[in-house]
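One chain, subunit A, appears in both complexes that follow, with subunit B as partner in the first and subunit C in the second.
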Partner chain A sequence: MGGYGDQDMVNDSAQLYTIEGISAAILMLVTAYLVISSSTIITPQETHITDMQLEQLGHDALLVLNTPKEYGTPSILYQCIRDDPPPHSGFNAAFNAYFTQLLNTRIFSGNDSLHFKVQLYHRDHSSGEIQPPIDFTSDGVGYFRENAVKVTQWVKMGSDASDPDLKDKIILVEALIWRS
Partner chain B sequence: MDDNRKRSLEDGQLSIDFIIGFTIFMISFIFIAMMVSGLLINLQSRTIDYDAVAYRTGVVLVEDPGEFGAKGEPFYWQLLNLANYNERNQLERLGLAIDRNSPGIIQRYKIEKFFTPVTIGCLGMNNLCYPSDYKQKLIFGDYPYNFNISLKELNGTNSRLWYIGEEAPQKHGYIRRVVTIKNPGYTEINLTNGTSDSINLFINLYELNSPALHPAYRMNPYEENITIFLKNVTIPGTQMTNLQFYQRDTLVDYPGHFSAESPTITVNGGVFTAPMTIDNNTKIVMEAGYLHRWSIGENDLIELRMTFDQPVSDGFPFIIQNYTQIPPLTWAVMEIKIW
Partner chain C sequence: MAKLNEEGQWIVMMGFIVSIIIFILAIIVAESALVGKTTSESVLEFPKTDIQDLRSLIFQLKSNDWDDIVKQSYKEDIQVLFFDRKNAIVSYYNDSRILFIHYNNGITSYNEMHEEQY
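Then we have the complex of A and B:
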């Protein structure tokens, strides 16, 4: 058990080479710090914000169209559906003009680029079955799987609807809205 | 004993390596501990917060009628005389909707009041303070948000534009709302060469407030101007000799008693002094807030008695809703930016 035996066991293994160790540690820390602090992390919530803005605006626009401008007169939404003759062509110029204006008008910075496609749903009186949707109108821009939202309004049609299938029906107006 | 002593000298010693390693660890630990808060701030995206505040501000403005005084009070905060310290203190929340059940339908007088603030020295002025009132009564929150709110009517060439706030930086929270604006009605009375020299115009607030009619299409003398046009004046030089305001059968206001300050009753833009010559352009305005000023109940019967020096009517009382037009609702776009 002499002191020399211990000295023999000292060698290079498991030694920290100080300079390399310190520089490696600093490199790792700086890299980690830069990565975390510089990246903008897009959380799922953030995409929901744009969806929410789109949904709110679409809902507002449909609601405005579904509000009569004067007492005793039908709303513009009602008029557009009433005057759309069967078979529905899938293009209602009057509705498109109003809806585009409401959706896309910005106050200071030019117009927005929102597009839409509107379908009508109703139930058959006798069977109670939901009928296949009527393609009411779209603004002619194809939908290519953009992030879209759906907004709806109910409209109670009277007996003056030009489509006999829609007379006295309660109609669900469903608009698909997207930005492109 | 020698061996043991030698060993105890070496055992339990801190090696240089350990000290270096421990020091690096501690320095990094302190470094990271100090940075964690900063790192978390970067993880939290500010725009989410701004967008959320913009959304909330939009909801309050467009779907809420505002609030003042005790809970459950009516919503006509725009009628408060903000020059009065006590009335200003009652103001709780700004909102533009006509009532709680009509989201998206906003009222023109609330718009006017909202978009005409005073920037400096607003104490003693009947205006909102910019920006303190807006931050405290609309945007809320401890963080001092900046804002820019604009509203544009979509009414062809008559489109009005209102805005408030500074120019927004590139990065801001945003929401756009589409709303309808309710406009005040106007009354036209055609004079006739009948037997009576007076026009008694009855305004039955109880009938006007009938729930059978949606508030968006109602005449609302309490919160809106009553504008009366006299038409078909066939005898030139006809003079109005008296103008009196009654609450039921009680005389409330009369010439010499009319206040020169709004809200009051004006004829052709000024306070009435008898006699006043009338023609087909004569306009009598009972300003919004006038009834509030005289503490008239919301369901009261009020009456305007006009007397002339010539025959003007058949003597039958005039019921105001029979002569009143409510202009159509107009559309508008509201943009809110928060940063």
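Then we have the complex of A and C:
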């Protein structure tokens, strides 16, 4: 069996060449895998993936602020809307700080660059129409047609709201969030 | 004329096999981007958070001893805002201790019957 010069198709000559072939194959496989996996092309049509992540993050952040710390106490979002006086300045400092922190904090150093604009929608009870949105807060960065998502929360305002237009209403909090 | 060299056929065959494997791997990698795209599309299309938020709001209203559930101004607030801002038709009402919730945005329809146990 075997030996140099046998005419069988399988013999034990040129084993080094075989080993070289196998190792070359592994090398090529690893190289091709590295090259292909390191370059993912995201075309403008494929923003769904980042949109989905942004929407999940934004909704979670807004939901955290709309959740009371203890049963029977108002949430941070409720407190901020309640304490925002009627000629709404468009910049609620307290809410701005909380929302910026929740959106932009990273585990390691540095902050993310998410920006937002939050508006309040409510219905006028005598006319039944939706009123123009109240600019609640924004981080002051202009929106220049970046890819944005909208997340919402519902707040049931009590009679202690400082804006009489919002008293005893269900209002919709809309946040536009984008990365730049 | 030189005879055809028949040595190294295993190496040649390995070359073929490896190139086929690379081709299949490339197809799998190309598929993965498509899978991520279609998955995120369907996640975005399904109004999961809308329905969760609506339920949470209605159960918050119910916690006040059903008084807020029957309050017409709250119901109209929710219905008008949902229709205008979120493109969905919603409705809720209670039959003594049974609460009905409906949500429809034209693509997804959600109906719930919740019976309060106490």
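Quick note on the criterion: the second predicted complex is superposed on the first by the 134 of 180 C-alpha atoms of A that agree within 3 Å, B and C clash if a C-alpha of one lies under 4 Å from a C-alpha of the other, contacts with A are read in each partner's own complex, and residues count from 1 in each chain.
The rule is simple: a residue touches a chain if its C-beta (ideal position, glycine included) is under 8 Å from a C-beta of that chain, and two chains touch if they have at least 3 such contacts.
All figures in this text were calculated on a predicted structure; none of them were measured in a lab.
Novice: Now for A:Lys69: first (subunit B), second (subunit C), both, or neither, which partner does it touch?
Specialist: Only subunit B; A:Lys69 stays clear of subunit C.
Novice: On the A-aligned overlay, A:Tyr121 touches which partner chain: subunit B = first, subunit C = second, or both, or neither?
Specialist: Only subunit C; A:Tyr121 stays clear of subunit B.
Novice: Quick check on the superposed pair: does A:Asp168 touch subunit B, subunit C, both, or neither? Answer first, second, both or neither.
Specialist: After superposition on chain A, A:Asp168 lies in contact with subunit C alone.
Novice: What is the contact status of A:Thr105 with respect to subunit B (first) and subunit C (second): first, second, both, or neither?
Specialist: Touch partner of A:Thr105: subunit B, not subunit C.
Novice: Could you look at A:Leu34 and tell me whether it touches subunit B, subunit C, both or neither (first, second, both, neither)?
Specialist: neither
Novice: So in the superposed three-chain picture, is A:Ala25 touching just subunit B, just subunit C, both, or none of them (first/second/both/neither)?
Specialist: Once the two structures are laid over each other on A, A:Ala25 reaches both partners.
Novice: Would you sort A:Leu57 into first (subunit B), second (subunit C), both or neither based on which partner it touches?
Specialist: first
Novice: For A:Ala97, decide between first (touching subunit B), second (touching subunit C), both and neither.
Specialist: The answer is neither, since A:Ala97 touches no partner chain.
Novice: Hey, what residues of subunit A end up touching subunit B and subunit C alike?
Specialist: Dual-contact residues (subunit A): 18, 21-22, 25, 29, 33, 36-37, 40-41, 46, 49, 52.
Novice: Under the touch definition given earlier, write down the residues of subunit C that touch subunit A in their complex.
Specialist: Going through subunit C, the ones touching subunit A are 7-11, 14-15, 17-18, 21-22, 25-26, 29, 33, 36-37, 40-41, 43-44, 49-50, 53-54, 56-57, 60-61, 68, 73-74, 76-78, 80-81, 84-86.
Novice: Would you tell me which residues of subunit A are touching subunit B in their complex?
Specialist: 1, 3, 15-16, 18, 21-22, 25, 29, 33, 36-37, 40-41, 43, 45-46, 49, 52-53, 56-57, 60-61, 63-64, 67-71, 101-103, 105-108, 112
Novice: Within the complex, which stretch of subunit A touches subunit C?
Specialist: The touching residues are 9, 14, 17-18, 20-22, 24-25, 28-29, 32-33, 36-37, 40-41, 46, 48-49, 51-52, 55, 59, 121-123, 125, 128, 130, 151-154, 156, 168-172, 174.
Novice: Applying the document's contact rule, which stretches of subunit B touch subunit A when the two form their complex?
Specialist: The touching residues are 3, 6, 17, 20-21, 24, 28, 31-32, 35, 38-39, 42-43, 45, 47-48, 51-52, 55, 58, 62, 103-105, 150-152, 154, 161, 163, 174-180, 213-214, 216-217, 326, 328-329, 331, 333, 335.
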